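Take a look at the structure below.
We just call them A, B, C, D and E in the order they show up, numbering each chain from 1.
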Amino acid sequence: MQFFFEVLIGGLLAGIMYSLVALGFVLIYKASGVFNFAQGAMVFFAALTVVGFMEQGAPLPLAIGLCLIVMILLGVATERIVLRPLVNQPQITLFMATIGLAFFVEGLAQGLWGAQVHALDIGIPDTPIESLMDKTGMLISQFDLIAALICAVLVTLLAVFFNKTRIGRALRAVADDHQAALAVGIPLKQIWAIVWAVAGFVALVAGLLWGARNGVQFALTFVALKALPVLILGGFESIAGAIVGGLIVGSSEKLAEVFLGPYVGGGIEGWFAYVVALLFLLVRPQGLFGEKIIERV
Amino acid sequence: MLSSTARRLGRPAAALLGAAVIALGSGLAHGQAKEQFIPANFYWVGPYASGGSGIAGGFIDYFKMVNARDGGVNGVKITWEKCETEYNNARGVECYERSKNKGPTGASLIHPLSTGITYSLIDKGTADKIPIVSLGYGRADATIGSVFPYVFPLMTTYWSQAAAMVNFLGQREGGLAKLKGKKIVLLYHESAYGKEPIPVLTDLSKKYGYQLTTIAVPHPGNEQQSQWLQIRQIRPDWVILWGWGVMNPTALKAAQKTGFPRNKILGVWWSGAEEDVIPAGSAAKGYMAAGFNAPGTSYPAIQDILKYVYAKGDGEMEDKSRVGSIYYNRGVVLAAVSVEAIKVAQEHFGKGKPVTGEQVAWGLEHLNLDEKRLKQLGLSGFMPPTTTACNNHEGSGLVKFQQWDGTKWKILTANWVAPTPEDQKLVRSKMEASAAKYAKDKGITPRANCTDEN
Amino acid sequence: MEQVRNIGEPILVVENVSLAFGGVKALQDVSFDVCEHEVRAIIGPNGAGKSSMLNVVNGVYHPQQGHVTFKGVRRQDMNSHEAASMGIARTFQNIALFRGMTVLDNIMTGRALKMKTNFLQQALWWGPARRDEMQNRHKVEEVIDFLEIQHIRKTPVGRLPYGLQKRVELARALAAEPEVLLLDEPMAGMNLEEKQDMCRYVLDVNDQFGTTIVLIEHDMGVVMDISDRVVVLDYGQKIADGTPDVVRADKKVIDAYLGVTH
Amino acid sequence: MLYRETGQFKTSYAADQQIFPLRQDRIGVVATLLVAFIVVPLVANEYWLEAILIPFLVFSLAALGLNILTGYAGQLSLGTAAFMAVGAFGAYNFELRLEWMPILGSFALGGVCAAFVGILFGLPSLRIKGFYLAVATLAAQFFVVWALTHFNWFSNYSASGVITAQRIEIFGFYFLTGQSKYLLVLAIVTLLALAAKNMVRSETGRAWMAVRDFDVAAAVIGIPVMRTKLLAFAVSSFYCGVAGALYAYAYLGTVEPDGFNLDLSFRILFMIIIGGVGSILGSFLGAAFIVLFPILLNRFAEPFANAIGIDLPSGMSSNLELIIFGGLIIFFLAVEPLGLARLWQVAKEKLRLWPFPH
Amino acid sequence: MAESLDTFPRLLLHNAKVRPDLPAIREKDLGIWQSWTWSEVAAEVRTLACGLAAQGFKRGMTIALIGDNRPRLYWGVTAAQCLGGVPVPLYQDAVADEWVFVFQNAEIAFAIAEDQEQVDKLLEIMPKCPQLKHIYFDDPRGLRHYDQPEIMGYDELLELGREFDRAHPDYFLAEVEKGRPEDMAALFYTSGTTGNPKGVVHSNKNLITTGRMAAEIEGITENENVLAFLPMAWIGQNMFSYTQALICGFCVNCPESSDTVMTDLREIGPSYFLAPPSVFERLLTQVTIRMEDASWLKRKMYHYFMGVANRVGGKILDAKEPIGFWDRLLYKIGDLCVYGPLRNVLGMTRIRITYTGGEAIGPDLFKFYRSIGVNLKQLYGATETSVFVCVQPDGQVKPDTVGKTVGSVQIKIADSGEILIKTPGLFDEYYKNPQATAEAKDADGWFHTGDAGFFDADEHLKILDRAKDVGRLNDGTLFAPKYIENKLKFFPYIKEAVAFGQGRDMCCACVNIEFDAVANWAERRNISYSGYTDLASRPEVYDLVQDCVEHVNRDLAADEKLAGSQIHRFLILHKELDPDDGEITRTRKVRRGFVAEKYATLVDALYSGKGECFIETQVKFEDGRTGTISAILRIVDAKLASPDAAKRAA
């Protein structure tokens, strides 16, 4: 039983890490209806940039600050160069464009900073919390807990941003109805630029945490794959969905791998989350927090 | 003023023209007779770029050094051309087809540097009579040269290595007999590559009585919480890490997280480079891995590279500090074997003349890289002595073991470790069975007069 | 022109149908019938539940209560496919054409239920599939001829002006050779001339093929001119039912219209 | 301009509905086929056949399959490579386990296996749409590759899960050279493309497009939406399956499940987007672009950089290629979101009206 | 055998025998070109004839045929001829009242109508034409509930025919056998410019002899395709799409509807083509408009190559003068880039011979087609002469003549300048109008055409105008109004023009703009307008037209005889001249007298020097209602060119 909880908690904490990546997708999808496949590449790019600056001698906070600027520039440039010419195109086209963007960013990242893999030490030890281990015998990583905490702070920040600030409210209006937003005079293009910049920021946070966890290397782009089932579960447009979806995906895939895996030979983690999400969708096609769509004809 | 403008304008135009000419001419074998062409079809982008670029660097630098120091192989300059495979089968095949007819004698041999591409090239290389050298990867059963005349899994195959690893673990435990009752977990990358050692380790577990559990990590392996929680449940004595890419540092991190001692983890050679441990930071300390090349720059050949290539600013590596890294040195091994095969072939078919792929294959089948020869090459202790034969395309099956001390790899075993002779026989019989099946499937009649020793 | 039509027995009977979306009651206990060969109009102010009524009849929406009887088969909810195969066709309020296809292909889809070959035969083309295609094409051409849209036959529907799109949608419905044709605001957004044309087509259809027509329309003039009987809905409830003259004089109808639209 | 269609009138529906109603198009197609079947094998060298043309054809077929599903039936899929894998492994097993099975039969049955898997993973499409469905098809992608890697039966218990395609033999003739393999693939692709064209121009295709454009309206007309979607999945997967079998048998020879990864799925999705969604021709154009373009870039980038005096650090050229490729895709989508086929169509329309602009 | 091919029914049966499987007639219907072979046509005609016989149609009776070009109407013509009856094709777009005279004059008891519209019109005149007892309709749409006893569907008629044929299997052939070449074969009512129409009586012999003569000269074969898009009631249409089709056995193609003629023309690509100048003009207008929307480069290319074509195209077609290699090459390139595609989009790729007739054609218009390689030739003839009188022989085409006489046709120029004709195809009489017959046909058998003209040095006939219209200004200057009008009409922006001057001091003109072309022109200049009347009154449009007028003046000034008849003043009419209002004939000939009378106020204003004039006109709408249009029209003075300057410029 204790082992079950250990797996469960481990899964939940891993799930938070997935949510972190999923958040970036949700932000952009919510505001501009774009399924941004380049989010993974942006995570990689952010982490690599931080490490790059650090290797040039910048201390961590400065590197993060510089990287933030770079990410915001990237976000704004993306809006300008990629989204604007493609405005009013079907979603699939925008989606494809972000795949192109992903290639571009990946090439840029490795071109700028080299193909080398790097370690990223952000000062949080990735070791089990000893007191907890002593008391319960459960291994919970300090790093994972802190990551969860950061994630919580980030979500709170985003919630405040969306609900309390003017820009945030504008963003929500945009998400609800582009035409209407335009009609009441919300500058759509600026809003999109901001959203992409915010997504860049989220990518930076995700990049830092994932980079510190597994090292900064190309494989960071793959974390996007972990975020996809989270998105289906939680719905493309819901921040809360991204968090809850992440928790469900993280815990269920760990539990499945540990308790179901041995019966089929293991390695099922890769697809299990997708199948869970798929089955879930069959019951609720609009996702966890999506609204039921009534077909009007 | 005017002329400088003209020059500035002229350059791109000339460039376009040049590019066009190159593109047009590339299908043809071009002129100069005293050249030996070796394709450099590697990968500089994508998830595995760090490994690919390191190997490519060592590979090309060695040729540069040979050309600069010796003026080539008996006066035949080595030429090469890079082609980006992206670690992708289709691109790899395209690169192969593109490069196979270059140089006066076509491609001498090819290092696909990807198990997938190797598979895809077996038929083609055989048909084109171009040796496919899969050094440390690829099909283990290609050792059986009578069935695979143009495939060379040189030095050591996955199967031999698995057996050597068991041998090493036995040594660590104080004798192979001590393995009885021990628990060993194989944590492998869920792919063709990762599954390679399972049959050998399973067979050996029966023989030595250790308890083997295999745990798969789905690609890419950047999340291993559940696997390591399982490992924690099993509480094994050893974990064999058969990883690739991001899976390796993640495994070490997860091990740390679940409190598994890193010095009880033994990695395969694709899990044993700097790239695999640096991202894990301090979590990697104490981790051991196999390798068929030694790290470091102390070897005379490497010194020559620094002297003849880097001193002139002609090195492939942008970051000179990577010279001497595991992957770089592996590239040197790949190159050294290639050059040696060409030399052997030249000695047999005529010195100072470029040799064909078919002749290089003969050379590869008659390698005799013993200690003496390695010393001549300045590579003693750097790579295992290897002697090949018609029906032994592997040669040695020797590996060294190394340990990460937090900053660099340290060689643990001064001598090269091989599987025990019986195990070697066992591996060999598995190879023969597998090759026989292949021959049957493909309708191949094994070559006659093809023996284990020349 | 003298209209001589023999209006027959009820072919479609709606009994006590109620439909709600969440808390919104779109239809409440609505009953009416439609006789064979008649032109039956459903009118009502915006949001009265007219379109929902049609959607219930051909199985797009499933009512919580009530029954629909079509050609003697009584069921609580129709499904669209079944409705179509029993001979109900319809057009939509907001044009529901297949925008990526040509006019011809759009109308050909109306023949979906008449096609006899399967996809394998169609992949081969030669033989039965081609024959099938040709026969149905002939039928479709008759519809095209009937609605006088020859000149746009191979035009992608997206490029057509609104009025023509409406006509193409009618053509698609007609191609199915339906017994009952449901028309959801066939003349909305048209200019006078287009409306007159459309009226003529609707009456011609009714006359030539004896098709029963149920239509929703806002233009009172049109409704009163062409329909035999009219149902009036308001807030999801039936408030009147009868011949145009009766309905026109009904106090509740006058109130509903005066109260809402004026 | 070159189109002179005066006097090309149709006296029957059969003539009116033929694939190429214009004589000039028919001549063009016949000429293309003649070149493809006769001239190309005579003049193309091994490199062109084995490294460019065969993969081009195989990918075209896969793109065609995906185009049926995504372009015609409107169901976005990211699992193409998985269906190819099923086709490849299916064909391998039929060939392996049924001695009497002719190779073409194995290819077809491999396709049929893929079709069944396609139907299975197409089931969610009945409830979910758009990106939700796209991500759901990823489940197919990961599950299939996992299953093929994991269950050794599929690879005839080869240690690594790798299969080695048997030799292609038809009536005693062995397809070993690039030429013969090219011709075989070309013949299969031509026939399947013809079949696809036939399907999309008849009821099947119209039902697909109807469901794509407006599923409620399609249902109301009497098109069985569920069956139509599943048929699209089945046919699409069949094509991908056959493409997978050809990928294994005629192109690579030896394949591992990992070869059919998400990258490949994306690559094929790219093909149809660049080539043109909902266009048979687009599948071919897109495949040509995606197969050829990176190779061209690779061949030209470094010589070009060298020639203009930039010394690219090693590895940089590869990254530059990636950047250019990504950038071009964006550029291309901005310029012509409907793909190369659309460009061709526009050009053709212009030529037909020449010298008039409209 | 050949001797006996002297009636239309025999020609049909002959064709059914010698080329049973060649297509005889096609109709674009239900999306494709439905085709009938000669043997099928023969069978159809036989059934139809039997049906008519069953209904009591007898030798010598007349039958009206009303509608667009439809195979069934053509078969009605033959069927009637088989029974020894007389087909009377009528203009289908005429209002019902116009028919009353014809029905009464020809005592028509039978009619085959295309559709509901025509049936309705027939029903409308029935009270006035009590002898009309049988109306058959082709398209049953909307006619299901018509229960008048006179009305019957075509299919029902065929059913009767089949029954009759079964009962009297020998009847049909026996009736055909009875036919004589001298029998009246058809009755064409000419839309005379004044008074009641006259029924021109043609026998089998007239039509067949003339048709055969012309076909032999031009080498017409059974492989030709013609597009039947002009009114059946016009003899030209009959000659090309009926008489010659039966003589040569070629195929007649009926377009889907009048809206789709252009598309259908392009699809069929006829090899033998006849159209009045207005059709060619409309086509050229389209070309001009569409080219103006083309990109800059394309426009440049077009104009350059049209220049080349203008220079050498006609000569190359005539193959008379040697052309330099460079010009030939240029023309070849132009053919690839411009002329070929142009012929293609116009549907003229396959044309071997095309005639224009019925009216004079503007020389520039004429040259345009010839320069792009379309063998356009002028044809001179009249209803009374079975069309063919003069034709321009290949290689001797001059824009300003109508060519040489055909075969055994004789022409004599009367002292008054009037053209007199004797031809084997000359009409027998005006139906029941001996007085008119006597006026037109003198005792020696010469037909007085009423046209003025003369032969030039090469024996080519040159037509000036209607003899009575060629007049003089008060100062004695020659005034050929049609000549001036044609010059004006060649401009794409001008649709119709009416020139006045007879018995006046100067020449003035009323102009109709070509709405499409001018609207397009205006849109490109951001000139807004609310409709035809408004557009016609825009000052910019006046300027545009003024340019055209002054251009014509320069041309006129170049000709000594005509220099005095330059246009001094003009106005733009507020409405289009319309056959419904009687201003032009159905063949689009301006009824100058009628116009002068109707717009007397305007004409007065033109000559009184006023700057503007108020006008109110009654118009008839398509549905028969009438309404009025009123406007204040500006009158503008045009600049006159001096003869010397014009010559220098030329």
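Basically, contacts are C-beta pairs under 8 Å (C-beta built on N, C-alpha and C of every residue); 3 or more make two chains touch, one makes a residue touch a chain.
Since this is a predicted model, take the numbers as computed values, not measurements.
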Interchain contact steps from chain C to chain D (minimum; 1 if touching): 1
Shortest walk length in steps over touching chains, chain B through to chain D: 1
Of D-E and A-D, whichever chain pair has more C-beta contact pairs: A-D
Identity of the most central chain, Cα criterion: D
Reference chain A; chain at largest CA-centroid distance: E
Greatest separation from chain D - chain, by CA centre: E
Averaged-CA centre spacing for the pair chain D and chain A, given as whole angstrom: 32
Chain A-chain B separation of Cα centroids, rounded to whole Å: 36
Chain centre separation (chain C, chain E; CA means) in Å: 46
Whole-Å gap separating chain A and chain C, where each centre is the average of the chain's CA atoms: 48
Multi-partner residues of chain D (each touching 2 or more other chains): 12-13, 142, 146, 149-150, 216-217, 315, 319, 321-322
For chain C, residues contacting two or more additional chains: 60, 92, 96, 137-138
Per-residue overlap in chain E, given as positions that touch at least 2 other chains: 31-32
Chain D partner contacts - residues on chain E that touch it in the complex: 23, 26, 31-35, 225, 253, 266-269, 287, 290-291, 293-295, 298, 301-302, 336-338, 340-345, 347-350
Interfacial residue positions of chain E with respect to chain C in the complex: 29-32, 141-142, 144-145, 256-257, 259-260, 263
Touching residues on chain D, where the partner in the complex is chain B: 45-47, 50-52, 55, 96, 142, 146, 149-150, 158-162, 164, 166-167, 176, 251-259, 261, 263, 291, 294-295, 298-300, 302-304, 306-309, 313-315, 317-319, 321-322
Residues of chain D touching chain A in the complex: 70, 76, 124, 127-132, 135-136, 138-139, 142-143, 146, 149-151, 216-217, 262, 266, 269-270, 273, 277, 315-316, 319-323, 325-330, 333-334, 337
Residues on chain C engaged by chain E in the complex (per definition of touch): 1-4, 104, 137-138, 141-142, 144-146, 150-151, 153, 204, 207-208
